[in-house]
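Below are two complexes that have chain A in common, paired first with chain B and then with chain C.
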Partner chain A sequence: MTQLLVTQILNGIIVGTLYGIIALGVTLTFGITGIVNFALGQFMMVGAYAAWYLTDVVGLPYPVALLPAVGVAALAGLVVDQLLFRFTRDNLVNGLLVSIGLIAVFESTALLIWTSSPKEMNFVMSGSLSFAGISLPKTKIVVFATLSAVIFLTFLALMRTWLGRAAYAYSQNPEAARLMGVRTQLLQSGVVVYSCALAGLGGALYVSLYSLEPFLGGMYILKGVEAAILGGIGSLVGSLVGGILLGVIEAVGSIYLPTAFRDAYGLILVVIVLIFRPSGLFGER
Partner chain B sequence: MRFSGFAAFAGAALLVTTAFAQDVVKIGQIEAQTGPNSVNGWMSSQGVPMAVDEINKAGGFQVAGKKYKLELISLDTRGDPKEATVQIKRLIERDKVKFVFGPFLSNVFATILPYAEQFNGKFLLMGGATRAHEYLGKPGYEFVVRTWSWDTGPQGFGELMTDYVKKLGTKKIAMLMQNDQGGQVVASIYEDLFKKAGIETKLEFFEPGTKDFSAALAKLAAWKPDLLFPGYNDSVMYDIMRQSTEGNYFRRFMVARGSMGPCLKNKAEIDDCIVYVPKYFEEAEKTNDKVKKFVAAYKAFYKRDFPYDQAPICSQSCYDHVYMLVAAMQKAGTVDDVTAIRKALLSITYEGLWKISFDEKGEQIFDFDVVHMKRNGEIKVTTIDPPRK
Partner chain C sequence: MLFWILCLAVPLVVKAEFILTIFIFGFILGVLAISFNVIFGYAGQLSMFNAAAFGISAYATFLSMERLHVSFWGGLVIALVLVAILSVIIGAICFKFQLKAFYFALVTMAFAELARLVIMNWGSLTKGTLGILVLQKPTLGFGDMAIKIDSTLGWYYFSLAALFLSALVCRGIVKSWIGRAFEAIRLNEDLAQTLGIDIFRYKLLAFTIANLLAGVAGALFAFYTGYIEPSYLSTTQSLDVIAMVLIGGAGTVLGPVFGAFILTGLPHVIELSAEIRSIAFGTILILTILLLPRGVGGSLKMLTIPWWKRLRERRAAGRAA
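Showing the complex of A and B:
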């Protein structure tokens, strides 16, 4: 039983980093533009399909396919930002509505091109690593390491680079940031594109673990928003911690309680946390 | 003179218009063509338009000396029962449709039923939903025709599958099912079937939309069953089988709904995959001319690759059923009297992609394949034609 528990905690941490990368995108976008971009799940789907297509159809080695897949998601984000989000900066409700509308557009497009047939990528790395009776698929370990590294580097960049400090400054006081010479339009577009790239990376890694359908984005954006709220909207550390906590509680809850209510265990945790800390675990009081 | 000329023209126009209005037989379709459950309805939305197009291009069909064409009104429920209720209301009340294909989803069927039953005797609802089984043959529900076969009984594929796995020495089967209408019904059917056969079962439900099954698989694997019976459609089976083999939980599977796709994808890691497939198209295309023609027609009609993994679902409310409905109307000598058409439908055996007939309650009987895949993809296909009246 201990081995089962430990395995599921580790599994929950890994799954949680997938939630965390989407939560990071949600937090970044919300912090800078004020919009909760519900279409981030769709950019995850775009990255996933791009990675699958480049690997299984075009024949590129999977690690080589990752970067272009992320690039495709980022490019899609740029197009959407320039054509749509750019005009909603002063009206956040419109921005929210646009992001919701994009969900239908992306899903329908993917359905048209690839149909509803699930796509499963060939094994990237078969087998698992075992230690003391605990077994984890190798692919999951690599996905975890990659996502953790990217999240950590994002955090470092925001803390240590001029661009990161500019982003923080803008999120605290947009007018002052503008007066200090921050090119706010460029910053906002950059953050949107980067968030989409993060989501695309999540998707490109997701497809090495799970089958792919046009509707995967819907589930993950909900998890991402849940994780962002749990961790505290606006907190980068919170988005990762929130995602991991969510993943762990779902996995562990499913061992002792019916698997059928897995999603509910995470939601119960969110409610409990919000009762005691309404701004989330790492949000500002 | 002018008035009588105008009147004659108006009369002729009215006659022509009326004639054209009578020359069309409408078929409605309510399936999940998009959305997370579209794997259960998408293929029907592919096959029906093909049949309608073929029949119309051939000049339509004749019933009682009059020529008719088909008009398809295909609506996407997205798997949403509320949407389906609005759609069936539209089909019956606004479009005056007498034949509705679908739904395959049990939750959709259960939701539209209270509305649909008000129109018993005025239309036919021809869908494969598992929940429809319990209403067949009951007074007040003559409008329900189930266009898929049942798991139990002498014509049931489930009984045969259970016999097959029992002969392999199976004593314990773990079941991992969606926690929805379809999953609940499948679980209760197979728990009974396995119990009757002396096979122990352990059942775990998961939330629809789940992608990571490791917790559930670990729980079930701890019980040390001989086989895993994973879900009822491909979109979960791909993930369950992959994670089962990756995590070393299971390598032997029994599949009673879904396709060979998940088994083939993981063939290097699976020891046994015993699958009920309405038709294993990859093999049937090589030996059956009608299947070959259908595959070619699909590619020409839609200008894309043939979806081999989805095609078996065309056994419900799909291509063959359009032709069957036309044959029933021709036998009944009417396009309007649904009671007579239903009676004719239940009396005929149609040989298309499948050999299809209906039992006395209105449940479909059709030939099917049991595909047993062993490690590395070695496949044995057994085609069964169930006993018919």
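Showing the complex of A and C:
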């Protein structure tokens, strides 16, 4: 029993980092542009298909394919930002609707190109680490390490550099930040593109674990938003911890409670957190 | 007024079942759009519970007819009472703890998801993902005089009447002191409170009214299509309703109905594959949001104001700025 429990907790942590990378994108975009890009899950799908295509069809080695896959997601993000999101800054509802439109466009385009039949990528890395009767596939560990490292580096970059101070100043007082020489337009576009790239990275790593289908993104954006709220909107570490917490709760919850309600456990937790601690677990009061 | 007369006259001109069907869907989803407009367009709260109220009412109407052997109307009343109770509980939780904007949307969405999961997994009652086939049809009148509504034409006028009544209710609320309280809350909640408006009570009222109207739409939709499934309660359905209202124009009585027509009608008029249809839906949505921020209804309303008045207003606004 403990073995099962520990395995589930570890699995939860790994899936949780995937939630966390989306949550990081949600937190950053919401803090700087005032909207939630609900199409982030679809950018994840773009990154995932790009990585799969470059590896299995073009024939690049998987680690080499990761970078261009992230690039494709970032480029898509740049186009979408300049054409659409530029006009919905600080308008939550319009941003929401534009992203719903984007979801429809992205998913149906993917359906047209790749059809709904799931794609399996060839195994990237075989073998697993065994420890005290618990075995974990090596790929999962690599995915976990990469995502945590990216989230941590983002955190460092925002804490230690001028860019981070500019972003913080902007979220405190946009007008004053502009007067102090922060290039606000560039900052906003940059954040949108960066969050798309993060989602793309999540997707590119996702292919090494699970099979691909055009609708994979829908669930992850919901989980990402939940994780961002659990951790507290605006808190970078909070988004990682929120994601892991959510992953672990779902994984452990489905041992003891009916699996059919798996998606509900996280939601109940989010409602409780929002009611008793509206700024999230790590947010400022 | 013109809209209603035109709608009454349509079946005299158009005989094609196919087109009348589109109208019926437009009318029923129009009721749903009106319901969302009450909570969002007037009271300014982004509720994601509409689809849940729509689906719960569809299930409850059918199940009370089947299990308790009441008529369609009896079932509808039972369903609406259930929806009202749920709305008050959920609304009270949200508004007591002052959840606003994004947070309110998320919590109502969480409750909607919970409702969907319960319905999906309560197999013995709801048949889960298989869905329920509804063979009964609503009747009008009593005893031997009762008319069964099952022809396309019958449904056309039946759903038109439902839409008319909903629009009437919505208009009545908007023009009364309740509507003014809603508007005050939307424009500035703190100010509304200082003016002595009990924002908790009015928000709860808006949420309940919206869900009741959505419930009516749900029951009609279920009995028209003859099929109920858990996807009625899905988040996608809620988002579609938001799209209808914003495309049609939030904060106008009939705008959302136009939105419902555009989103249900347009994809059917042009024969397209499912994928292309979905791409068209997304593109229409994005273009309306960016190009017609007042929605189609709001833009048409602007056209009725003579151009010189519009120009004068714009100049005045320019001077003020």
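Criterion: the second predicted complex is superposed on the first by the 282 of 285 C-alpha atoms of A that agree within 3 Å, B and C clash if a C-alpha of one lies under 4 Å from a C-alpha of the other, contacts with A are read in each partner's own complex, and residues count from 1 in each chain.
The definition used in the following text is that a contact is a pair of C-beta atoms (placed from the backbone, for glycine too) under 8 Å apart; a residue touches a chain by one contact, two chains touch by 3 or more.
Quantities reported herein were computed from a predicted structural model and do not represent experimental measurements.
**Q** After the overlay on chain A, what do you see for chain B versus chain C, clash or fit?
**A** Clash.
**Q** Counting only touches as set out at the top, which of chain B and chain C does A:I275 meet: first, second, both, neither?
**A** second
**Q** A:S254 contacts which: chain B (first), chain C (second), both, neither?
**A** A:S254: touches chain B, not chain C.
**Q** So, does A:I103 touch the first partner chain B, the second partner chain C, both, or neither?
**A** After superposition on chain A, A:I103 lies in contact with chain C alone.
**Q** Could you look at A:L111 and tell me whether it touches chain B, chain C, both or neither (first, second, both, neither)?
**A** After superposing on A, A:L111 lies in contact with both chain B and chain C.
**Q** Once chain A of both complexes is superposed, is A:I229 in touch with chain B (first), chain C (second), both, or neither?
**A** second
**Q** Should A:T2 be classified as contacting the first partner (chain B), the second (chain C), both, or neither?
**A** In the superposed model, A:T2 contacts neither chain B nor chain C.
**Q** Check the residue A:D263 against both partner chains and state whether it touches chain B (first), chain C (second), both, or neither.
**A** both
**Q** Given 223-231, 259-267 or 313-321, which one is the stretch of chain C whose C-alpha atoms run into chain B?
**A** The one stretch of chain C in steric conflict with chain B is 223-231.
**Q** Just which bits of chain A does chain B share with chain C as contact spots?
**A** In the superposed arrangement, which is not itself an observed complex, chain A uses residues 107-108, 111, 258, 260-261, 263 for both chain B and chain C.
**Q** Can you name the residues of chain B that touch chain A in the complex?
**A** Checking each residue of chain B against chain A gives 33-36, 38-39, 42, 179, 204-207, 209-212, 214-216, 218-219, 222, 234-235, 238-239, 242-243, 246-248, 261-262, 265, 268-269, 304, 307, 309-310.
**Q** Which part of chain A faces chain C closely enough to touch in the complex?
**A** 30, 36, 84, 87-88, 92-94, 96-98, 100-105, 107-109, 111-112, 222, 225-226, 229, 258, 260-261, 263-264, 267-268, 270-271, 274-275, 278
**Q** Spell out the part of chain C that touches chain A in their complex, as residue ranges.
**A** Going through chain C, the ones touching chain A are 46, 93, 97, 99, 101-103, 106-107, 110-111, 113-114, 117, 120-121, 235, 239, 242-243, 246, 274-276, 278-279, 281-286, 289-290, 293.
**Q** Which residues of chain A touch chain B in their complex?
**A** Those residues of chain A that touch chain B are 4, 7-8, 11, 15, 107-108, 111, 115-118, 120, 122, 126-128, 135, 137, 139, 210-211, 213-216, 218-219, 250-252, 254-255, 258-263.
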